[in-house]
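Shared chain: subunit A. Partners: subunit B in the first complex, subunit C in the second.
Coming up: the complex of A and B.
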């Protein structure tokens, strides 16, 4: 009796288990299929639910804090390296001979660049997420002062007499001039769009500041990106050169004789339907060369090869003898070595027509690129020893500095900076994000169109069933884990789907990510891309009077005449905090004749000030234009009753929106709907 | 009602003036009869009034795009002139014109100022505001930015801040934060949003508000104070020196501790305590109908419909062109106002051949050597007589 009862229980539990197993498995299969938009992704709960946690114990358990070296400088005697550890918010003092980190100096948030004074006594570190520069006494290895700057300080340069510090404000698009005697900002110039690099000419008379984003222009016009030229003697802008068909001009270097300036750049083909990836029809990479003489020419030379692309050129340095230039390509983990005499020879022997054609000539690089040197993951900043014999490379996603002999052009060593030894899933995802290895002929990677994991400000003509239709304004990837669906047309319900099969079909034109890599990439995108603080418009959460009035306009239910605004035409209805999207599709009468008939995904609005142009096809150059030029029918919110003051208040409020994390708002965990 | 009628008629008059004035530019290369300097009363410890001569006039014949010149601004070695058909730049003896084809917001350029900090040129037009920096034009208008209105009558750079007087209120643009503020009758003590002039000095912004007198804005405290004509009379200045001579103001300028306010009914000065009025009948002012004022240190230049006047409050020099030919005269009065307790109340006339291009004067600027004048008949340049 007792045995039979036990058997009955076992049978019952077995049947129950089988039922749960089969029905549960079926549910799990359906769920995973929905999430990944595939039919064969392994049923591994951990791959999704473990590594996509954005906070809490599990997040801390499966993630590590890396150093992420970004830029670096070498002391004149070559005995010290000063390495900006971006994710560690520090400057590392390194002995390159002993290959040892000697000191760690805490600086501001997300440090970007470091520069040393001529006497070698001080270092200046720009803190991109703190809007200041740390002044470091190198003898004591202590921060002795903090200099306020514009928004997003990045590149740095000292004036010829060492009395002024030029700071490139990358977010607010300015150049701050800081008097180092007083520590005060003396003046602030307007610069190109999203500037970064700064370099003083050898004669100390001219400062070049490069820009990353192109100037805002209507779709169809050739893109242009500004090179801002400062007359250092009188501290005035001398020239604003528009460099055609180029953007992401990260850094610049002058030859020692000062006859040429060489700027890293990308040439995007965003105006061409992205139906053909080969032969440089999406992106090409190279140098913009500017002759330093009256009426000096602007020449663009590619660093790519016919069947191999060298994506995401970042830094450039030139040896003291002026013979070689080294360019880091963070997308392909490579350093290109350019023979500068060969460049000079090519330029001098070429007709203007030939020079013009070189900007699209994938084979020309064989005339001057003399070596490709492999590096670790994501090479960024470069620094030469003062004698030019050693090149140091900051391998951002390797937490390592590699050392290259500039004569033999071989890697002669590496310096581990002490970051975590293991590569977490999200870290691996970031490496994939930054690497073009998963694109046809290494043409581009996620980072190329989403620099800083944001967006590049361009409008693309993506491949679709009809060419020339459905123009797409690149969207930011910052903190998008909780804001599905994805794409302007909302077709992708999850990041998995966004980066899965479709990604390889439409964009990379090669094998799709394997599921392990797809899981890693997704984990990184969902968990690892925070918003920068909104220091320009909302530094501390306290809104200005204008922003408060704008908030009231944003949340209003009645118009200026007392009429009730229909619920679906109120700002707050579709743009619901904390991400200011209700995750739904909407029609705001912005459909263009070139668009298929569709609704558009309601975009999130945090840090929206940093994402011009606006609307799905980028037609609005500013936030104001969304309503003054393109919202005249009151379909994108009730707006036409507003006075100019009220519209200004509303725009001021929109610019104040920032990531919920800065307001300690706990967001809902990501759950894709099934 | 009377105020409204007065205002409307004046607005129309200004519009007509700006858009349809006939030009009579006369160039005459005859040398002028010169005298040395004009001294003020010996008891006054102030510098002598500068007198300008050796006039040279520029019209379309010399390269201006249009003889209707609305404003002029000296920028180092070059001179920027706003005309009805674009901005003309005089440099190395040549004129170069910039229009909408080059990126100008509108060809009607009515105000120009230069940032001392950055060297950027800010241009107020009848269709928006431009920043002209190292040869590149950037446009701010009411559709793409927080600019209050596209009619930008006046632009003024005050350190990192750019102030505009527009048809839709005064606008403040902070070039550091890139944010706009608008001041209208909704949030400032104005009669209506129409503003004509703006200037700065002593930590304050002075807005010439149509029908609202002068709006003083203290930048530190962000507090407003308005100055209107206390007697409330629109036809006459009933009580002298009780405030601005009129509520319909056309310009403000600050120099040497004095605020100068122009109206279509006379000129006022304010030292922070006392107001003082100047009219054509009791001073050296050429006309009560004043388009624009600009102070350069202790001297203020007053652009009127009947010539250009200048004063330091103690004496006057007014430049007028003859109606019949290109010659003219500098009229010198060694007193500030007829009721001042000065010894010398005589008027002297200094013949000038040629003189300013036209008596309808709209803009002026001066440096240590030259006086540039924008008139409806071209641009004039006078040399400081030693």
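Coming up: the complex of A and C.
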């Protein structure tokens, strides 16, 4: 009796086990197939459920805090390097001879750049997510003051006499002039769109400030990005030069003689149907050269080659003898070395027609690029020793500084900054995100169109069944893990699908990510892309009166005439907090004549102020235009009863929306519905 | 006692196991370094591309292997069951050998695959026409050339792909060019020698295309008056090496290197200081090259090592007074090329072609330069239509897939302005762009919306008013 009972239990458990195994396995297969949009992704629960946790114990267990060196400066005697560790919110003091980190100085949030005073006594560090600059006494290695700036301080420059600090406010698109005697902001100029780089000419008279985003213009017009020219002597804007067909002008350097300024840039092909990658049909990279003389020409030369692209040029430095320029390409882990005399020779002999042709010629780089030097992952900021013999490269995703001999053009050493030794899955995902190795001939990477993991402000002609149709406004990737589905038409239910085979067939046109890499990339996108604090429009969570009135409009259920607004036409219905999307598809009557019929995935609205232009095809230059020009039929919310002031209030409120993390709102964990 | 015996037996078994493993690994190591080469007592110098007796069909050729450590003592013929065999190619895992062979003298040439472990061969293709020059693609596929004569090609070799078991065979080239001596680049594209065969014979050039037959374009043009003779093979430092003749030695070859990054303008003759002829080249992992070389016409081609840095020939590795050594490869694992995704959809009947500005030319505009206002689309046997170009010089066509055509520029009075471009074909659902007409291949498009894409494409041939396609989903 006892034995038969045991046998019965064993049989029961076995049958149950088999049922669970087969039905569970089948369910797991169906689930994984749905999530990954493939049929053969390994049934590895950990790759999704472990590495995509956004918080909690498991998140801490599988992730590490890295340093991520971004920019750096060298002391005049070459005995110290000052390295901005962006993820560590610190400035690292490094002895390059001993290859040792001597000090770690805490600064503000997400530090961007560092500059040293001429006497070498102080360093200024811009804190992009704190809206201030840390003043550091280098002798004591302590922050001795904090200077308030505009929003998103990035590039820095000191006036020739050292009395003023120019701070480039990358988010509010200003240049702050700070009087270093008083520590007060003395002036604030408007700059180009999303400025970053700043450099004073050798004669100390002119400050160049480069911009990254192009000026907002209707699709089809030539893209232009502003170079802001400041007269340093009188502290006024002298000129605004719109550089055609270029954007992402990250940094600028002057030759020592001051005859040329060289600016890193991307020449995108967003107006050309994206039908192929071959022959530079998606992106090209190079330098904008501005001759420093009356009626000086603006010349653009590519750094690419016919079958090899050098994506994401970031920093540029020029040796003190003016012979060589070094450019970091963070997308291909490479430094390009340019012979400046060859550039001079080429442009001096060339007609305007020839120069125009060179700006689209992939072979011309062989005339002036003399070497490509490989680096570790994601080379960003560059700094030369004062004698020009050594070049230091901040390898952002390597937590390392590499050292290059500028004569032999060989890497002669590297300095480990002490970050975690292991590369976590999400960190590997970030490396993949920033690397063009998964695009045909390295032509671009995720970061190229999503700089700072955001979006580049351009509208692309994503030719699908036809050319000249399907215009697509690039969407931000910040904190998108909780807001599936993806793409404007919501066709991709998960990040896996978004970045899988479709990504390879339509965009990168080379071998798709293998599943290990796809898992890593997904883990990074889901867990590692935070919103910046919205310090510009919502610094502390307390809304202004106008924003409060706008909030009321956003949440209203009745229009100005007292009529009940149908639930599906209220802002709050589709744009539900905390991400301000209900994750559903909607019909808002903003299809263009050439669009195929489709519903739109309701976009999330946090930090929406930072994502112009608006609507799926970018036709609305401002938030206001969504309704004043393209919402006249009240299909995108009931709006037309509003007064101008009410609409202004609503827009004010929309601009105040910020990530739930800054309001301590607990959000749902990532999951895709199945 | 019993325990002791067990220990001895266990130790003995383990020792045998380790010994077997050791010798097995040594054998494996040797096999990876084996040289596989083709030799023939008779060498064809015919450079015909449109006949099946071209220089790519080597009569009475044998494929052999030898150990480079003891070349004279180790040679072994691998293709004893064949009348002739050549074009050896090693699989990416190093386990298989692909080659072209005739079992009997008058048989058509077929593609075969040999297991390098047991040296047994398996027939891949069973074609009535000659098949030759196979190369491995990723995903268990191969590409090869097949002789055919039809309305599209007239007569010559088209490119085909199929699985390594011969199934799922598909043609991927559709113009009157003959393609031979293919190789697969690490970027996943097929590099092949192409030569126009209709309406008149052109000069051989390296063409590159994706394995689905899309995005065919010029890779390397060659020197004037010269000819290309071998597959272009990549080295591990970003170069490609191959054999090319010039005016001084037409029919025989120089050893040439070009850069992958800029193939059209980086030619270096590595053998300019060496008297004699080269017939084939194979890059080794060490960076050195294996070459077949002869000092003079009265000598036989022998196998040598070549230092591309110093541009000097090493000692002969293998020579035989009765044979020419013609092709060489080395066994062992090597890096698999990228697996390129395909945009081809056989449910679609057409492809789309966009030209950004027909007035962008390779040559600089002269005083007599007149702008084109029209293009004429010319098929193999007839004109397919004339199309007005948009004000910005762009045009946008929807053409029947897998049919060759040329484009000719015409002025407003209908006068032909420039000679037609090379033969183009589009695969089903392919979308192709070109910057201009005979333009510099190093030019990229300017960033502007071509006016022509603001309208629907012009359907070619123009007598067709409407093409009913299957519904293509929006990306």
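The rule is simple: the second predicted complex is superposed on the first by the 674 of 674 C-alpha atoms of A that agree within 3 Å, B and C clash if a C-alpha of one lies under 4 Å from a C-alpha of the other, contacts with A are read in each partner's own complex, and residues count from 1 in each chain.
The criterion applied here is as follows: a contact is a pair of C-beta atoms (placed from the backbone, for glycine too) under 8 Å apart; a residue touches a chain by one contact, two chains touch by 3 or more.
Only a predicted model underlies this, so the values are computations on that prediction, with no experimental measurement involved.
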Partners on subunit A (subunit B, subunit C) - clash or fit: fit
First, second, both or neither for A:245, with subunit B first and subunit C second: second
Comparing the two partners subunit B and subunit C, which touches a greater set of residues in subunit A: C
First, second, both or neither for A:271, with subunit B first and subunit C second: second
First, second, both or neither for A:190, with subunit B first and subunit C second: first
First, second, both or neither for A:502, with subunit B first and subunit C second: second
First (subunit B), second (subunit C), both or neither touched by A:236: first
Following superposition on chain A: angle at subunit A, subunit B versus subunit C, Cα, nearest 10°: 130
Which of subunit B and subunit C A:622 touches, first, second, both or neither: first
First, second, both or neither for A:643, with subunit B first and subunit C second: first
Contacts of A:217 with subunit B and subunit C, given as first, second, both or neither: neither
Subunit B and subunit C, minimum CA distance [Å, superposed model]: 22
Interface residues, subunit A side, partner subunit B - complex: 150, 172, 174, 187-190, 226, 228-229, 236-240, 242, 536-537, 546, 621-622, 624-625, 628-629, 643-645, 648, 651-652, 655
Residue ranges of subunit C touching subunit A (in the complex, touch as defined): 187-188, 215, 217, 260-266, 338-343, 352, 354, 356, 396, 431-433, 435, 440-450, 453-454, 456-457, 472-475
Contacting residues of subunit B [partner subunit A, same complex]: 117-120, 131, 133-136, 138, 142-146, 148-149, 160, 168-169, 175-182, 184, 186-187
Complex interface listing, subunit A residues touching subunit C: 219-220, 222-223, 245, 267-273, 275-276, 278-281, 284, 302, 305-308, 357, 360-364, 366, 440-441, 461-468, 470, 489, 491, 501-502, 504-506, 509-512, 596, 598
